[in-house]
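So that you can tell them apart, the chains are marked A, B and C in the order they are listed, and the count of residues begins at 1 in each.
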Amino acid sequence: MTNQIKTDFDKVIKYLKPPKENINLRKKSLNKFINLGFPQKKEEDWKFFDLNQIISSNIKDLKFFDKELFDKKNKILIPKNALPFKLFEHNKIIIANGAVHTIDFRYEDLKKINITNTAKNQSSNTNHSLAYLNSAFTTNYLKIIIKKNYSLNKPVILYNFTNEKITSTNINQRLDIVLEDNSRLNLINLFTDYSSDNFININHEFKVGKDSILKNYKIDDKENSNIKYFYNNIDLDQNSLVENFILSSGSKFIKNEINCNLQAKYASAFVSGIINLDGAKQHEIKTNINHLAENTKSYQLIKSVLNENSKGIFQGKIFVDSIAQKTNGYQLSKALLLNENAEFDGKPELEIYADDVKCSHGSTSGSLDENSIFYLMSRGLNHKEAKKLLINGFLLDVVEKITDLEIKKLIKEIIGVSE
Amino acid sequence: MREKELEKLKEYKYGFSTDIESIKAPKGLNEEVIKFISNIKNEPKWLLDWRLKAYERLKILKEPDWQKPKYPKIDYQNLYYYSAPKSFKEKPKNLDDLDPKLLETYKKLGIPLQEQKRLNNIAVDAVFDSVSVATTFKEKLTEKGIIFCSISEAIQKHPDLVKRYLGSVIPITDHYFATLNSAVFTDGSFVYIPEGVRCPMELSTYFRINASDTGQFERTLIIADKGSYVSYLEGCTAPMRDENQLHAANVELIALDDAEIKYSTVQNWYPGDKDGKGGIYNFVTKRGLCKGKNSKISWTQVETGSAITWKYPSCILKGDNSSGEFYSIAITNNHQKADTGTKMIHLGKNTKSKIISKGISAGFADNTYRGLVDISRNANNSRNYTQCDSLLIGNKCGAHTVPYIKNKNLFSNIEHEATTSKISDDQLFYCNQRGLNQEEAVSLIVNGFCKEVLQQLPMEFAVEAQKLVGISLEGSVG
Amino acid sequence: MLNIDNLYAKIDKKAILNGLSLKIKPGEVHAVMGPNGSGKSTLANILSGKQGYEISGNVSYENKNLFDLAIEERAHKGLFLAFQYPLEIPGVNTSNFLKTSLNAIRKSNGKKELDALEFLKIVKEKASKLKMDEKILNRQLNVGFSGGEKKKNEILQMSLIEPKMAILDETDSGLDIDALKIVANGVNTLRNKERSFLIITHYQRLLDYIKPDFVHVLMKGKIAKSGCMELAEELEKVGYEKL
């Protein structure tokens, strides 16, 4: 891998032409990645998701350079049906094969939004190997600042699109979003993949200012054979609120990592997610909720429905600093195993250093309750219908946590649940 | 100076040491020391080879470092691996032959070996430093065919049983401390309950570390043959010394078809002083194998002592319909640290496990529950229920819950619940108003918090454990 | 309608029913009384198709072997069980569940499925007859319902489905007198020449409101004594021990 990555890196620099000081940052990052390599099972955070092994057995040869991307004449075409939803009015960011394709904030006051799109990227807040890989290769550094006291009129949909023409097997994407005080943003990440066997490494970092609200919904439901690592870091200031929802079902492998840092009092974070899998898919949601100030609140609800040979993983951690008194932290994970070859692994974790806190977690895993099936069948439903109704009911309360009504409706349609 | 000593003694009432001459192996860990131990114990060759094999393995193993409590590097070459009271070169035939100083020691500990017979229906095996010194009630047990003796004696008298089961649950390759134990273990208890026998009394071992710079490496092996039952208790204390002392025991339990083993521990090793100086490193490997169908192993532990407690009494549920239980109270105060929990490995069909863990943290202490529940592909209709509750007293301490859950079976359920809370002011107020002082109130509330676990202890120990719970938290509420 | 002939049932090798026989003709109301552990609920469970029992003997329903029918087929053919402990099913909306159930049964009988509006009209009407709060329809199925609400919900389902053969498994237990009357009223309104009832109960009180045609005493897994209403009254006076 080392030779390939170095050659590809030189090509990326040649075509991308970042400023000199940025080349140094990228080079440093590259070397750090080469030293560390892809995360492996022996690292505690990757215990259930051996990325190194997954990549080596799913991607024949790793390639990090995609010439197509830099060929200005061949602007990447987005097929009409790649954006299948007849959707509510929204602003658009389209990212195609990892590069920014379209930015369209037609419903907004553009004086209130500051958008930077440059090859000159900033280093990441984190120091894990995949962040270095991202810093070394990402073609666009996209940064959006929502100015003070501005609430967006319409949601933003970030279309993450990949096509089959891509010649690299690795995509890196980076986005920083700053919500200044008392601002508001609803962001939807929609993944549409036509590429296959690609490792997609996405790094999103958010700063949420005082009294601001960020709602972020991630939808990955289109069948594809890619491997995704999605890293989110969210810093929350005083009295801010973050709602984060994940629908994890389409890609072959996904690891979704969410760090919420509740840095000032009255900040709250709500994280919910659905892992709905079939085939031999393996998806993980990993959360780190860090209560770093008093009177902060977090709530997590994750449900997994596991068919066939699939494997669902939830690692969730609530950390409470000794100064974070009066913290309220709650976490619940439930998993349904629907096939004898399915597997659920969990690690719900509490690390608490303050005494005046209310923290709890619960985790259950098992199959559908036979007595409930019996009850429904005694009312005339056949086994399949009873099962469907129960799964529907199992998932419904997660969807109900979504506070944006349009998005709630959309997600209900996608996963086919109804009241 | 003397006053200071007395003050200290009040904090840890077992903190005296006894001036008894002892025979020690030379300091350090090497093949010669292992041969010395094996030789002085007159062991058969297979056991020496087994020890040396473990030692070979130890050379390539690394000390684990994933646990929460960190400790300064242990200099394994600066420890004594064998220490025995001199008067014991010939093992005393009966209690009257015991060194009077030793009897005095056990009296101070509240274990009067001689009076034991009359007082309680408990058979005691006492281990002083690394050597078993006395076993009571022998005749009565022999009538039933029960073997209860030191493991050294068992190696001489029942070599077939020892050879067959030693290392069958904790292999010599297991992990650093378990392997270290296999190489240098000195003594411990051995129990065999024959087929269909219900052991008529509680069996008990009392461990005492006395000599300084001495690691204690006991090895306990309990085998419950088909349809038998035994309840076994383990208690431990150590003198107060400024340096840390290592205790790395291995305990193996084997339950055959329809057998049940109940293993209770009240651990009260010296925890170090208020500033965290001294205390025992309690790095123990305990594992039970439910080998036969319908077998049951139940662990109950009350962990109040030691500077660092690091242990996971586990159950391998191999036989169909077998069940495992783990009831734990871990109390840490001052600078104590505990990282404890269990592993429940479900291999057989219809296997059940239950975990109830209560962690209490005060002062500057850190308390972690860490556990694994693993239901394998073939373990149909298995169940686990886990409940972990933590109580924090003050905001300089920590309470952590780290469960690992693996469910690979469609027909099995795993349920896990955990909470963290503090003693509420309302509860304290209510108790105060009813005339209890702060410490009495805390002791009462904490005992209530631990009730589910305390109930599991045999009666004689439950009373002692309740007192310990109160004493361990003295001074934790301002 | 229902003909139970020499029914034996075991669970985990433990015999629960030991040669129980009972004949119920169309339009008849039978009460089965018995002490705890006499096999009352087992009987109800076996008739509605619950798995896990080792069964021998014959049960015919409308002249067909009942054991050839799957759980939902029994429901489709008009067999209804009001559960002793109705299950709480989180996430499943009560109204949606009732509609799904009713339409599944209608469909299998070649009737037109009801649309949401038609259904709502009927369910509201039935609910008000049972003096049930409509709000219950929008809650999750039995979740957080009081004991009385759960039992009333069972009776609501019965009145919607209009079964041919209804089995009520200790529907009266845990009800206050008002709820008891509502339940009895629900049964009495449905009573007609074709519809049969099997009412399983521990006490006589429900029978004061639903006058059964026959009363049977179930002891140790078989019918120990049969009679009419007087038998129930006698039982209440002298207890099961004396029999």
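Methods note: contacts are C-beta pairs under 8 Å (C-beta built on N, C-alpha and C of every residue); 3 or more make two chains touch, one makes a residue touch a chain.
Only a predicted model underlies this, so the values are computations on that prediction, with no experimental measurement involved.
Student: From the centre of subunit B, which other chain's Cα mean sits the farthest off?
Tutor: It is C.
Student: Which two chains have the most C-beta pairs in contact?
Tutor: By number of C-beta pairs in contact, the leading chain pair is A-B.
Student: Which integer distance in Å separates the CA centroid of subunit A from that of subunit B?
Tutor: The computed centroid separation for subunit A versus subunit B comes out at 45 Å.
Student: Please tell me the distance, in whole Å, between the geometric centres of subunit A and subunit C computed from their C-alpha atoms.
Tutor: 50
Student: Quick one: report the Å distance separating subunit B from subunit C, using the average Cα coordinate of each chain.
Tutor: Computed from C-alpha means, the inter-chain centre distance equals 55 Å.
Student: How about subunit C: which of its residues touch subunit A in the complex?
Tutor: For this pair, the touching residues of subunit C are 48-51, 70-72, 74-76, 80-81, 83, 86-87, 89-93, 96-97, 100-102, 104-105, 108, 140-141, 157, 161.
Student: Which residues of subunit A touch subunit B once you look at their complex with the stated criterion?
Tutor: Residues 44, 322, 325, 335, 337-367 of subunit A touch subunit B in their complex.
Student: Under the stated contact criterion, what part of subunit B meets subunit A in this complex?
Tutor: Within the complex, subunit B touches subunit A at residues 66, 377, 390, 392-422.
Student: Using the touch definition up top, name the residues of subunit A that touch subunit C in the complex.
Tutor: 369-372, 374-383, 385-386, 389-390, 392-397, 418-419
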